[in-house]
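Please find the structures below.
You will see two complexes here that share chain A, one where it goes with chain B and one where it goes with chain C.
For the complex of A and B:
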């Protein structure tokens, strides 16, 4: 999918609003969006939402040969997938930042992943897929990867002396959790004109500023990674200022991850696992369904409007007719599906046809409905 | 990992002081056939950078740019097969690490080159790393700066890169070698525009790996920025002497 081009108006609007210390989604400049962590039914699968950005991470393990340089340590492989392209720039950058924050900071106890030194070790594979990009993918992906690793449990195995080992099923022996020494969290600040840091930028803000600073910090105020993306020049003081702000936030995020992990283990004991269904918010409207509207009422309304405001008639009439079209088409479709071709159906068809002539709306929906209408007419 | 990065006498593994750079040598205009080139020696790290352009965009890169009028800057980095210690390594194309270096270089130089002067034109930067001994990225950046200047591309300032590390006792080390990188300890790579006149020092690129306490960040940052200032002096000297040579050779020819 090709990116749509950012219009100049949008750019200017965002720039001006940031200069006036305002953001489009009413946040403060240093405020982050709401974070949600939802664990799946399997160990090691997690869905993280940061505002509208959604990332799914899954951890799996396999037995592998260790590296010759580190014969008694397991390995970690991190793979980030974005649906648009295989090796896009942002995908490479995100993968490398995650590798640096999680793998190079040595937060996972790799020695515990060893089965037989120099022969067999566990290889943890973290698959991160970005489901929805609404800005700040890196932070969301990092939180997802870390919490998935913390949630993951691998099967136990016993070794006999002669180099053979048995991997036990979960029914035979309890699964072993992964040991994490610390939880490194990524924090991204978009740098507006290289001077003003904006926490947790949305996609629009990211594209306007075109530069960002990503800091990986754990709850002990230790810096794990630092990366500047995009084209910009900043002062070194700003980077230090950002790092202090990020350290504060990292503490809260780590606490949140730990508390959700605890909640999850309690739920599992009660065998009350909710899975990803809790991530769906019921109060949100997810479809465009609306009740059928009768045409007579609309006609009355139109005439009322017409009598009140002579100038607005043209616009409002067109809009109303469009609405009527959509409604009638949906009803005809629905009735076709039920194979009910009654007399009322044909009435609606004639009405919708006349409406079409008036409004002259040429869209794919109507084209398809025309065919259906012909069919139904033949049936009649 | 047991090896001490800094001895009791205050000397590092290779005998340098804590804030001492490795030997830096550079030459401009080493290649005849391209528009600008430079050869850079940073300790045992050796890099050749060459520039071709500014020129009319090739069809391929113009297509990638979707026919826009923007300045196209392509970077290609190659590690020579014999560059690393030990066995010869297979040449890996499109690896993530190389891809990342290329993206970063692109961003660094796009922020310093006066882009508006080169609209509708293309500039190719080719980098060959002949030998590695730590701080590759910063050597590459310095070499590319020299090559750009040799090619006569307009830039805001010299851009200099430097690395710094930290010992367990919290002493910052300048210009990290490969051995020190392996021995543990964080490595900070920074590319900065040095302080000139009214302009403050500004940073174009930061990269950091391995963890350390936040309060040490100032120390390591200052150390790396000081290294950038030092490298600027070396680059400046090389460029000036190169310019003198060019003028002299022109005069003698005439």
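For the complex of A and C:
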């Protein structure tokens, strides 16, 4: 989508309002927007919303050859995608900030990703897609990437002596979580007039001022990365002030990530995974010119019929299974009787034969499903 | 499936009422979201609510993309200037042209003083799928009326739906707000609203109240404005 030009009125208004310590969305200057983290049904997929900005992150893993300089360490690859352009400038900047914050701060225990030193290691791939940009994509993407990595679990594998190893399925051995030493979180401040920091800028605020400061901070108040754009800073006190504010915020964010992770694991134990559907806000139904609408009786009837129909199908399937089961039992009976009575009725024999065939097919199916479960991937 | 006025319609539905009116040799205008095929059947092409005003049928749908139509009043941002035209962004698929001479009292020598990035409240003069839309800042008598440059204030984007809603006769929001505080508003049907008031605080509050109106039914507008009034007294 092409970007609309920023009007002079908006620029002047935002600058004036910041001078009066006001923001268009009623926030304080150092206040962040509401953060929401929603884990998907799959391990390592997460949807993060920061105000109206939305980012989806997904972690996957593959077996790869390690770097020759670090033979006993796995690798992490981060890829950021924006839907509007293939490789825009902001996309590259965001990728680089995430790489510096997450990979270069060495928050992931890379040695635990090693399978066989110098030969095979796990390569974690973090795919971050920006779904909606309402400003401050970097923070949102960083939180998404970190929480996706914390949520991700890779399959277990066992090695035999002669360089072969088996990757086990989740049904055989429990998946292994990724080890994170610390959770680095990006905090973005937009700078107005080079001295007024605004936390978590919206798209409009980002466009009005080019100057920005992104700090990567973990919950132990350690700065992992620092990125500055636009007009360079004039006072060192400002960075100090911003980093102190960011450290406070980082603590809360990390706590929030951890608590959501715990809640997710509890839900998983109860096999009550909600998925992304909880991210949809149902109160925001757009009321149109029609204020209230009564549902047609027809619609209700249709839904009733539909639900009944579903039940019927389910019942009929169950009945089918039951019938087959009965048949298999009866075939064995028939067999016995046949052997004993040595085939008196021709009709009965044909029936029993057909039933026997059915039972054979069933047993075949059971065998094949067993095979699938036992199947393991063997890689050289 | 046949539908009637007031129903929720889906693309492919047939509007019998418009067809029968046309057969009686009465003039029928098909608005947004309706089209007639070769057999002179009126078919819905958008999902929404079928509405009728006098002899105009249209579908009121939720959308953010603006498709220019003649006589729409829109808010544009000046994108660039050429020898004879301003190129104006009006939130549609391409830039619209605004001739220098389409301002009140403008001549070849006396050009309007408008810069890149300024807001202009204007009318769509011509909209053809094969040409870029043409804008104008004067009415048929050559007077500017309410049109022209919008100075100061705050412009914000919203859904086209919301603009239609606040401009609807049934909607009392703007009237109720005017009782609480004086303000200026320009609503462009292209999904842009400009507001101005005596201070920044009030303007921000007005913006948030108008955006909130999208999710408020008509009969609850009074509560919305009451809340606005109480917040306004809290600030001043």
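Convention: the second predicted complex is superposed on the first by the 281 of 380 C-alpha atoms of A that agree within 3 Å, B and C clash if a C-alpha of one lies under 4 Å from a C-alpha of the other, contacts with A are read in each partner's own complex, and residues count from 1 in each chain.
To be clear about the criterion, a contact is a pair of C-beta atoms (placed from the backbone, for glycine too) under 8 Å apart; a residue touches a chain by one contact, two chains touch by 3 or more.
Bear in mind the structure is a predicted one, so any value in this text is a computation, not a measurement.
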item	value
Touched partner set for A:4, first chain B, second chain C, both or neither	second
Partner chain in contact with A:22 - chain B first, chain C second, else both or neither	second
Partner chain(s) touched by A:60 [first = chain B, second = chain C, both, neither]	neither
First (chain B), second (chain C), both or neither touched by A:72	neither
Touched partner set for A:13, first chain B, second chain C, both or neither	second
On chain A, the residue positions that both chain B and chain C contact, one per complex	none
Chain A contact footprint on chain B (complex, rising order)	94, 96-97, 99-100, 103, 107, 110-112, 186, 188, 192-193, 200-215, 217-218, 221, 225
In the complex with chain C, residue positions of chain A that touch it	4-13, 16-17, 20, 22-26, 283-293
Parts of chain C lying in touch with chain A, wherever the complex brings them together	6, 8, 48-49, 51, 60, 62, 77, 79, 89, 91, 115-119, 150-155, 159, 161, 164-165, 168, 170, 194, 200-201, 203-204, 207-208, 214-219
Contacting residues of chain A [partner chain B, same complex]	87, 89, 92-93, 95-96, 100, 104-106, 182, 184, 194, 213, 217-218, 221-236, 239-240, 243-244, 247
